[in-house]
Each structure stands twice: as structure tokens, then as C-alpha cells.
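The data blocks that follow each hold one structure.
You will see two complexes here that share chain A, one where it goes with chain B and one where it goes with chain C.
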Partner chain A sequence: MVNHPIPSEVARRLQKPRDGHAAIGGPLFTPFTLALGVLIAVAMYFLAQRFIYGLGAVTNINNGYPWGVWVVWDVVIATGFACGGYAMALVTYILNKGEYHPLVRPALTASLFGYSLGGLSVLIDLGRYWNFWHILSPTYAQPGSVMFEVAVCISLYVVVLWIEFSPAFLEHLGLKDVKAKLNKVMFIFIGLGVLLPTMHQSSLGSLLVVYGYQIHPLWQTPLLPLLFLLTAICMGFAIVILEATLAAAGFKRDIGPELPLLSKIGKIIMGILVAYLVIRIGDLIVRGAMGTAFTSGTKSVMFIIEMALFAYPVAVLSKPANRARLSRLLAAAMSMLTGAVLYRIDAFLVAYDTGPGWSYFPSAPEMLVTIGVIAVEVLAYIVFVRKFPVLPGHSTTAAAE
Partner chain B sequence: MYDDTEISREIANRFNIERRDFLKFCAAMAATMGLPKGADAEIAKAITAKERPSVIWLHFQECTGCTESMLRAEHPTIEKLILEIISLDYHETLFAAAGHQIEAAREAAMKKNWGKYVLVVEGAIPVKDNGIYCKVGGKTALQLTKEVAEGAAAVIAIGSCASWGGMPSTPPNPTGASGVPEILAGKPVVTIPGCPPNPYNFLSTVVHFLTFGALPALDHLGRPKFAYSRLIHENCERRAHFDAGRFALEFGDEGHRKGYCLYKIGCKGPETYANCPSILFNDVGSGSWPVGTGHPCIGCTEKGIGFHKPIHALAELQNQRPPAGYPRVVEEQGTGASIAAIATVAAVGGLAIGAGAKLVGNLGKNENGQDSGKQG
Partner chain C sequence: MTITRRNFLRQAAGGTAAAAACATLAPSPAEARDNLKVPEKAIGLLYDSTLCIGCKACMSGCKDANNLPLEDTIGEKLWDTPLELSGKTYTVIKIYQHGTMANKDKAENGFAHIKRQCLHCVDPSCVSACPVSAMQKRPEDGVVTYNKDACIGCRYCVAACPFGVPQFQYDTPKPEIAKCQLCKHRLAEGKIPACAEQCPTGATLFGTHQALSAEIARRKAMKPGEPNLFPRRTIDSGDNHEKAAAEYVDHVYGEKDAGGTQVRYLSGVPFDKLALPVGLPERSYAADSETLQTTLYGGLILPGIALAGLVAAAWRGSKTHHDDDDQGGQNHG
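Up next is the complex of A and B:
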């Protein structure tokens, strides 16, 4: 009987929401974390090459394709994955649904690493990385540029995320006075924590609007900012489902108490995806670009796969019975995430044609760096949930191990 | 407003030119010096004044290239105008007279205009062995310079030889050739270096002096700032090639034929101050200066560089540095997917899809097990 909420559990958490987190403890050295360590070491090796010999020694990017996977995955997609904190803050604080509170902090943890490493990845990808501060310096900044907005929003949001997350540190360190003072002004940071991602997740789409005809008509539209924002929010919700499931499987926790909340999140995802599909396909029809969905070779194939990956969650989640089953929720969430990843890869790389002769496919070392960055995020998440009060504290089995 | 009705008639009679041409010349002079609006009228007023300042032009160790350059300054009528305006009272190349006759003319002019005339020196002055290596009318260049400079209102050294020794001072400098500023230590001397100098740098200086009664702003070497405050490299038409790393490597190679930067075959533009690329030579349009024709600058306006450093020697860069790396000649446009890259994508994608499917499957089994357990 997993599809019914447990009223007493929910009621308890609603009464004392801030005491609901606990460090789960457990070993830091496991075969899985060691495997992550190896992936990180490999990435470090190629990063050393990148900083000694330059971008050309490691990546396949060229003057026609100055943005490769390090931008498209590590920044555009990784910050989308990291929208969990944003999406949960949106429903918990802005829509005032306190019941979701237990899910905020784990989501925030993932966001923290997603965004912090996204910011660092920009540094890796900049040819002259030592000039990175120029974009934020008033003497160099160009406030009219979309890139400026993205840079400022992401930089500020990384700071805001660390402040939003700091209660977990303060609890761990026993600094109750500081935490109490911080809580009084926390509403400002929560507000910023919703405003900033709304601005820059849409601006990631605006970046492509600036590309004009170089982006294929199946993706190029003035609505790109809206579509990017909708998929980012959806990614945020989907990642919450994925994280909760993986944490349950990986740390052998009981998912039962969280399942009713995840079901509701599944419903939200379905709603947003329906809106997204209506806008996306409606826009294609209005612009008269629908025909190119079947006549553009590889691009058409990618578009159709993308659409299928977005349509599958809608079909699955439309049935209440499916929303109550974790396996279906997970399948829908993973399909949604894959679709959103593909949407970003397609829009930034597949749909992008800068002229005859230019081509880009990431090199193996380039991808291994990206995999290493993902490994850092996963490893940091594991360390944090084991050492700091992050996950909802209803399970003691893992801590006992 | 300056009333020019009278002079227009006067000039038309005297020089046989149109009043419009004369005013155009004045405007061109003002523009060369970067003077403010209205200065052309003042110039016109100054050079039509009845009292024309006397100019004494001395020649020493030189090739007369500076004078030759001056003679080609403008259309003949304007050039004639200049000679008339400044009342040239002594000039060995241009005088019809010779011998003691012109020496007498010089002394008469000096006596008459004592303290008001302008002294122009062309050529280096030998100082070794009391200057016996250059004599005019029985007097050494050293004596003549000091004698004439004494009553001069202004001293202008034209050409590199007069400015700092120039070509005659090329090491080992057997005659001890020196520039005017060294001989007349303590007296302000305007230097117009160049081999030959651009005539407009000289004319502009003279006209500035006539118009305002004072010399233009000078740098620490006595050079007018309007002409010598910028490196040739800064205004060079080939500068973009320097910045992009496109160089001629030898005379007649592909880069040389394509007009690339001449830095690597010894162009001294990066360490030489002059306005050659800005105002060019001989009023014949673009490319009419040494670098424009494909020859590296030899640094003729700069002491210690022109006639001193070998022509092929690399210039010492003053305020520019070539970048550490240059873009490749062949632009890389991307190579497509390598086998390793495809293998990585396939491995990671397969792993992710496989793990996801496995997880979903396991969860599904659990759920079914629970459901059947409940039912059973």
C-alpha cells in the first residue's frame, strides 16, 4: 500500500520541519566512491594537459564551434540538473507548500555542487581564464549582453546557494546563535534563490536567440527563453525524484515516507511538460517550421527522439496509478531528464550550423573531463549526506551500518 | 575677421597665383600642425606681412637632400611663395651668386636683422682637429655656426646630420661629426631629423614660428611634438600584419610580395619616432613612404638607430610586444568523431541507460512483489 500518504508522518514533519534532517553517517571509502575517485583522477590528468598545452591539446572545439561539451554539458545542462533546489524552493516557499520541506535540503545539496562546478567549468573552458573577472568588473562589463546576465546571475546564485545551505554546516558545527540570526534574513536569500535561476535559465535560451539563422528552425524561436525555463524547472523536479530514488537505493533507505511527495512532483512535471509540448509544437506550426521535422536528416531524427522522450513522461504520469509507483515515476523522470539533456545538446550543438566545413564532435579526453566533473558532484553529494544533516531523518538503518 | 582684400591683390601680383590657392595653402599648413580653427587666417596674415623675416641657411657635411626635399614640397608656385615669404638671405644651393659676394650678403643680412633672423643648419659639423674637415669661405663649420647663431632669434637643425650627426657620424666617425645642439649647448635648437626629413615638418615649424612668434612644443630632443611624438609602428599601415603574426622573412618572398610586416627583415618602425606613415611623402597618395614601398624603415630620425644599427638588425620593441602565440595559418574546422570519442559516448550512454533500466526493473519487481504479497 504505497500509494497512500502516511498522515502521522506528514503531520510530524509539518510540525517540526527544521528538525527533520540528519547526517546518515557510514563509510566514505566504498568501491563506488573509489571508482569515482579514479574518474576524477583521469579528468585531473587531462585538465593538467589543458592548462599546460592549451585548449587545443585536449578539446575538439574550434573557431566555428567555440562552445563544446564543457559549456553545453558542464554549464548549460549541469545547471539544469542543479535546478532541484530552485524547483523545490519555488513550490515550498513561493507556492507555500510546506509539506515539501524535507526534500528541499537534499535538492539544495545537489544544486550547490551542480552550480559551483558549473561556474568552475566556465573557467576551464575560457581560453584566457585569468581574465574571467573582466565580465563582472564594472570597467569591463557590458550590461546589455545576455552573457553578462548569465555570468552575474550564476555567480550570485552560487553564493546564494552556499548561504541557503549554510544552516546544515551551522547545525553540524553547533553554531546555533549564528544560525538563528541567519534564519531571520534567510527569506532574502530564498527570494534571490528563486529569482536568479529564473533569470539565467531563461537567458541560456536567449543566448541562442542571438545566434539567429545559425540555429536550425526546429530549435530557433523567440520563445527559446521560455522553453529553456520550463525544461529547467522540469529538470529540477525530475532530478528530485531521481536523487530520492538513488539515495534510497544507494544508502538502503526506506523511500516510503517520501513517495507521496514524489507522486505530487510527478503530477507537476506532467503539467509543465504538457504546457511545454503545446508551446513548442504550437510555435513550430505558427512559424511554419513543422515540415522540417521530417526533412532535415540527422536533425529531424534528433528532434523526433527528443519529442518522444518528452511525450513518454506525459503518457506515463497521466495515470494516477503510475504516479504512485516509484518505478514509473523514475522511468518518467529519467525520460524527462534525457529529453531535456538532448534538447540542450541539440539546440547548442546539433542545430548549430556556422557555415560550410565546420564540424564538432567532442574528443574522448574532453568527455572524460566532463565525466570527472560529474564524478566530483556525485562524490561531494555522498560525502555531504554522510557528514552533514541533509537527508530527511526518518531512517536509521544506514547510520547503523 | 581678417580682411584680406588688399593682400589678395598683392599676392596675385607678386606670386602670380590665385588668392584661393594661397588660402588653401595656409589651411593645409594649419591642418598639418593640428592648429585650431582660425589659425589659417592668422597664418595668411603672418606670411603676407611686409616685414619678412630673414633666414640664413648654412650647409655643412651633407648631401643637400634636405634642400632637395624642400624644393619638392608643393606645387612650384607655393614653393616659390615660401622662399619669398621668409626672405632667404643666404642659401648656397639656391644662390645665383658665389664666393665672397654671398659671404658679404650673409654678413649684411646678419647685421641688418641682428637678433631677429632665423638660422637653419643643414649638415653635420665636424669637431675633430678644431673642425678643419669642413670649411666655407675660409671659416670652419664650427666657427660659422657659433658666429651666425649668436644673433639668431631661432635655430633650426634640418635633417639627421644637423640634428645629431646623421650619416657623417656613422661609426667610427672619423671627422667627429656632431649635431647643432651639441655645438650650441645651452641655446634652444629645434631639430627636424630625417634623411631627408619630411618638408612639411620643417615648413610647419617655420610657419608656426612666424605666426605665433614662438616655436611649437618640443620633446626632450628638440623635435616638434606634432611630428615626432608617435612611433612609426603605431600608425603603420602594416601594423595589422604584425599583430596577426604575418611577416616578410626575406626580400621577395611570398610575405614580402603580399605586403606583410617588415619587422623581421629589420624594420626600425617599432623604435623610431616620426610621422612618416601619417603624412607620407611628395603628395602622391598612399604607399609613398619607405615601408609602403616594401623597404624596412632604417630609423633615420632616431639617434643611435639610423646609420648606426645595421639595416637588417631587429628593432627593439618599445611599447608593443608580439603575442606569444599566433593563430595557425590553416584554420582547423573540426575533425568529426574519433573512434575513442564514439566509444566513450556509447559506453557512458549504455551504462546510464542500462543502470536506469535495471533500477526501474528492480523497483518494478519489488512493487509487484509487495502488491502480490498484500493480495496473497
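Up next is the complex of A and C:
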């Protein structure tokens, strides 16, 4: 059985004294992990081709669409999915809502792997990857570049995530003193751990500002950073709901104890989404671009689907009765996530028109590499929770079920 | 403790006001970055479509001067036949055709040539986009250069360029960005760019930005149909030929488009027919993007304030409930 993050399990700690985390143990070789291994091997095969023959041997990217799924999915969307740790840290530590604490650790773990892999997979996509360090070197760095800001913030955030997480390692290595000292200054890293995603998640939107007219007016706006930030935070909260549900379903557990927390998260999502929709549509009206929502063919259709996917969660979550029902919360979260994924795909690819004659749809090998990256992430998570004290001590029983 | 939305927003205002402000503040005019200006000793090209005969000597000269491989698009492996700019081609002559093609430089039943290449923007998007200073604009003469030894191959320049100029090489494990650098190696030897050197009609003319501006004004003042002298290679080469002046459209491409370019175009047919983007704003996209970045991150002031607020909030939080469960809950009073 696969061990996913188990927020419901963690939530039990609310009712009993805390008694530490533990490695949950168990076999590393299961049919599921072997399947992941196969997916990773397939990805490695195509990656070898990429590194021997060049990006064109594996991907469909071209000089009209120089960024494909390896950028838009592996970095722009995957780091959005990995915003659970950011969103939960924001409410738990910054807004000081201790009640959410049980949901932080699992969310942070998913963020850790989401971001680490997102950062590493950039190397696959960089044409001249051996120069990657230039972006962090004062000799080469160009601070006016949005890409520079994104790269620095993501790199720093990966480091901060590992520091935030290091108590689990330090305990394993028997470095209790180091751990105690680190805990005393942890609030600094928590602050950084909220600032850095705020900066780079918004900047993922800013990346498109310099594209100018090449991005359709339904998406091109100086408010791109704000719109990307709001959806990233919502993605973080929605992922927490999704994770909790998957764990409850996967382990046939009663989700009752954490439902109140999840329903409050649902309310937060609703609030942010209302703000998002008001800002997005208000901006379209102010810029006089609202009309293009109905006159731009495929782009209009995609825009309207996006709006529907964002509006649905607001409608569902506005009713308190719905927020108390897991099925409705989940439906709202899924709709929100799909909307946010579509928003990013639309902004980077659908809205991007670089001139006649160009088109892009990812090749099968290109998508298999992306799937392989996701497989690495899941496998690393499984190994991690089995070998290191990540999940609360009680989860051992649950994992064995 | 319940978390209502109002409560959430109030707390958010306290703890993350600065962070939120980072994202919501509209670019303030005081910090807005203006378009970069044309350098004093700027150089460039004038391409006059009405003089071009489509012989492609410029393309051949460019390949020679830059050691670029032939590009075969018709399967004969005999000729260099690029149809667009590519990883192997810095410049390409294209043609507009309509109807009977009887009239040169006319949109109706006519045809016209266009030379595609880097326009050497006054305020280039590629330079603003490049995170590692591989794309640079030379401060003295404004040539937009590319340094492969700095480049990480992220292709942000390819995506950002409003003219679709920088071309990435997808067919090699050691790719570079291919793009005209105005033959900077020839300039260093006191020569002029190979395309202007080779052009037999002076359709591609090299000169200082100022001198080319004067030449543009001279041509626009010509009476269509009347014979005039047109210089080859450079304005003062003394090598002129006589030709009846054409009727130009009322648009000098590159004069103001996207903040202006140092390669400018004259044509007898509208530029949208020549596949150049028209209707670009006079404000450069680089200025838009960098204004946004400076407003949010200038001097790291807003992030600094935000960080102080966040760290203070996290510190306050760490006092009320200790976050590390592994210390036996000693801080839980």
C-alpha cells in the first residue's frame, strides 16, 4: 500500500498529547513503487536522447513556442501545486492560527518535493544547462530580468524548505543540539518561507508582461502578478483538501476530525476566489478588453471555461451546508485546481500568439518525461516517509492497514 | 478560535500587508522606467523594400561572414534555401505576393520583398528578459549582442522578442541562440555588415542612426516616379545608381515601433503585408516589464518590509505555540 500524506492521521494529535514523529517503515519495493520505477526509466531513456541529440529530438517546442510542458507544467504549474506548504504556513504561523498546525507538516512535505523537483527539472529544459549557475552569479546575473527573480526566489525557497524540514533529518542523525539551536531561529525561515513564494509565484505571472502584444488581451495585464499569486495561494489550499481526501479514501479512514478545518479552508478559498474574479473581470472592463471574451474563437472558449471553473467553487462554497460536506469541498477544490491549471496553460500557451505558422502540442516522449518527473516526486515522498520521521508516530498502524 | 473571512482579512492585513502590497501596488509613475534612448553613436541599417530585387546576395554574404551552415528546405541539398529565420539563418529575404503580381511595391496585384533579421531595438525585450546578461545592448553603438558563453539556453529571449528574431538551435546538444549581431566581428575590423556590403542595389544600407534618419527623410521627400540617386553599401560610399523613386507608405518601420529600432524599413506596401507586427505601442515592453519589477522589488525595499512583518508575525506565533512537536511538548503550557 502506498503511503500518501495522511492529514487525517495527523489530525488525531489534536485530541491527544503530541509524541513525536516516526519513520513509518515498511517495504520500499511494492508493485506501485516498481511501476513508478518503470515510468522513471522510460523518462530516463528519453532524457538520454535529449542530452545526446538536443531538445528537438524529444520535444515539440519550436522557435514560435520555445516553452512547452517542461516549463509550463514542470515549473509554472507544479510549483503552484506545491503551494500547500506556503498556504498552510501563511494561516498557521503568520496569521497565527494554531488550529491548522496538523495540516502543515504533510503540506510542507509535498511542497518540499514539488519545489525540489521543479527546480531540478529546469535543468532538463535549459539548452545550456552547464551554465545554469550563471543565474546566481553576480558576474552574469541581470536583476532587471523577471526570470532572474523567479530563479533566485525558487532556489532560495528550496533551501528554506529543506531547512524548515531539517528537524526530521537532524533527529535521525542524532544531532539534537543543532536541532534545538535551529528551532530557536526557525521563525526567520518561516518568514522567508512565506515571502519567497509570494515573490516568485507572482513573478511567474510577471514573466509574461514583456511578451507584450504576443499575449492575448484576455490574459495580458499589469495585474498578472497579483492574479498568479491569488490563484497560487488558492491552489495551495485546494491541494490540502485534495490530499486529505485522498488519504481518507486510500486508508478507509473517517475524515470527521479534520472536516471542520477543511471546511474553513474552503471558506478561505471562496474569499480569495471572489477577490480574484472581481479583480480579473474588473481589470478586463477597465482595459476595455471584456468584449474579446466573446469574439476571439478558441481563446474566448478557453477563457469562459476558466471563468466557469473559478465561479463553480464560489457558488458551492458560499453555502455553509456545502462546506460541511466533503464531497462538495472536494468538487470545489478540484474545480479550483483545474481552473488554475488552465489559467496557467492559457496564459503561457493558448493566449500566446507569436505569428502565423507556429503551433505547439507536446510530443508523447515530452509528456512521458514530465510524467517521469512526477513519478520521481511520488517515489521520493514514499521513501522519505518510510525512512525518516516525517509523519506522526501513530501513522504506523494506519500505514499497515 | 474561528477563522471568518473578515478575521482572516484583518489578520492578513496585519501580518502580510507588505507582501500583499508588493503585488497590488500599481506601478507608480515616479518609479516608471522610461524607454531607453538611441545611443549617441548608434549605428544601424536601412532596408528599402522598393530597392530590393530579391537576389539574396545579402543572405549569402551573411552565411559567409558568420560561418553559418546551408539550410535545405527543398530536399536537394544543393542550395541554401531558408524560408524563415532559424538556428542556421540570421537573415532571410521573403516576398509578398498578390494577384497577378504585375506591380512591384504595390499591395494590389503586386509584390514586394522584405528582409528579416534582428532589428537591434533601441530598448530590446531580449536584453531585458535575459537573466544572465547573455543578450546585451552595446552602450556605445547600440548593437544587440549575444554571448553564448554566458547563455543558459532558457529561451526567454526567443519568447519575448516582439519580432520573433532570436532562434534557438533545437537539433544539437550544445545549442546557441542564433541572431544577427550586425557583424560585430566585421565592425571591429572597420568593415560594414556583410549584407550591406553585398547588396547590389543599396536596398540594405549601413550607416549611423543619424545619417540614416537624414536619408529616410530625403527618400520620403522624393516625388514618386522621378529619377533619384541611391547609394550602395553606405550613404557616402560615392557608389550611386539612378532609379525612379517609389511611392512609400506613410510608415517608417522601426521609427517608433515598440520603442524604436536601429534597423529601419521603408516600403511601398503596408508592413502588415510584410509579416511585421503593426500597431505596436511606442512604449517598449522592456520598460513595462522593468517598471513592474522595480516597483515591486526596487532596492529590495518592499520585500524587506514584508520580510520584517512576516518574521515578526512568525516570531509572535512561535511564542504562543511552539511548532516543534519533538521536544515533548515542553512549550505547551
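FYI, the second predicted complex is superposed on the first by the 345 of 401 C-alpha atoms of A that agree within 3 Å, B and C clash if a C-alpha of one lies under 4 Å from a C-alpha of the other, contacts with A are read in each partner's own complex, and residues count from 1 in each chain.
Basically, a contact is a pair of C-beta atoms (placed from the backbone, for glycine too) under 8 Å apart; a residue touches a chain by one contact, two chains touch by 3 or more.
In this text the structure is predicted, and so the values were computed from the model without any measurement.
**Student:** Identify whether chain B and chain C fit side by side or clash on chain A in the overlaid structures.
**Tutor:** Superposition result for chain B and chain C: clash.
**Student:** Now for A:331: first (chain B), second (chain C), both, or neither, which partner does it touch?
**Tutor:** Touch status of A:331: first partner only.
**Student:** When both complexes are superposed, which of chain B and chain C contacts more residues belonging to chain A?
**Tutor:** Ranking chain B and chain C by residues of chain A touched puts C first.
**Student:** Tell me which partner A:212 touches in the superposition: chain B (first), chain C (second), both or neither.
**Tutor:** So A:212 only meets chain C here.
**Student:** Identify the partner contact of A:64: answer first if only chain B is touched, second if only chain C is, both if each is, neither if none is.
**Tutor:** After superposing on A, A:64 lies in contact with both chain B and chain C.
**Student:** With both complexes overlaid on chain A, does A:318 touch chain B (first), chain C (second), both or neither?
**Tutor:** neither
**Student:** Report for A:30: first if it touches chain B alone, second if chain C alone, otherwise both or neither.
**Tutor:** A:30 contacts neither chain B nor chain C.
**Student:** Which chain A residues are contacted by chain C in one complex and by chain B in the other?
**Tutor:** Common interface on chain A, chain B vs chain C: 56, 62-64, 357.
**Student:** Can you list the residues on chain A that touch chain C in the complex?
**Tutor:** 13, 17-21, 51-57, 59, 61-64, 66-67, 90-99, 101, 104, 125-129, 131-132, 134-135, 140-142, 144-149, 151, 167, 171, 179-180, 183, 186-188, 190-192, 194-195, 198-199, 202, 206-207, 209-214, 222, 225-226, 229, 264, 267-268, 270-271, 352, 354-357, 389, 392
**Student:** What does chain B use to touch chain A in their complex?
**Tutor:** Listed in rising order, the residues are 331-338, 340-341, 343-345, 348, 356, 359-361, 363-364, 367, 370, 374.
**Student:** Quick one: which bits of chain A touch chain B in the complex? Just the residue numbers, please.
**Tutor:** Those in contact with chain B are residues 1-2, 56, 60, 62-65, 245-246, 249, 325-327, 330-331, 334, 357-364, 366-368, 371.
**Student:** What residues of chain C sit close enough to touch chain A in their complex?
**Tutor:** Result: residues 1-5, 8-9, 11-12, 15-16, 19, 22-24, 26-27, 84-87, 125, 128-134, 148-156, 158-160, 162, 164, 167-176, 258, 275, 277, 279-281, 285-286, 288-290, 292-293, 296-297, 303, 306-307, 310-318, 320-321, 323-329, 332 of chain C touch chain A.
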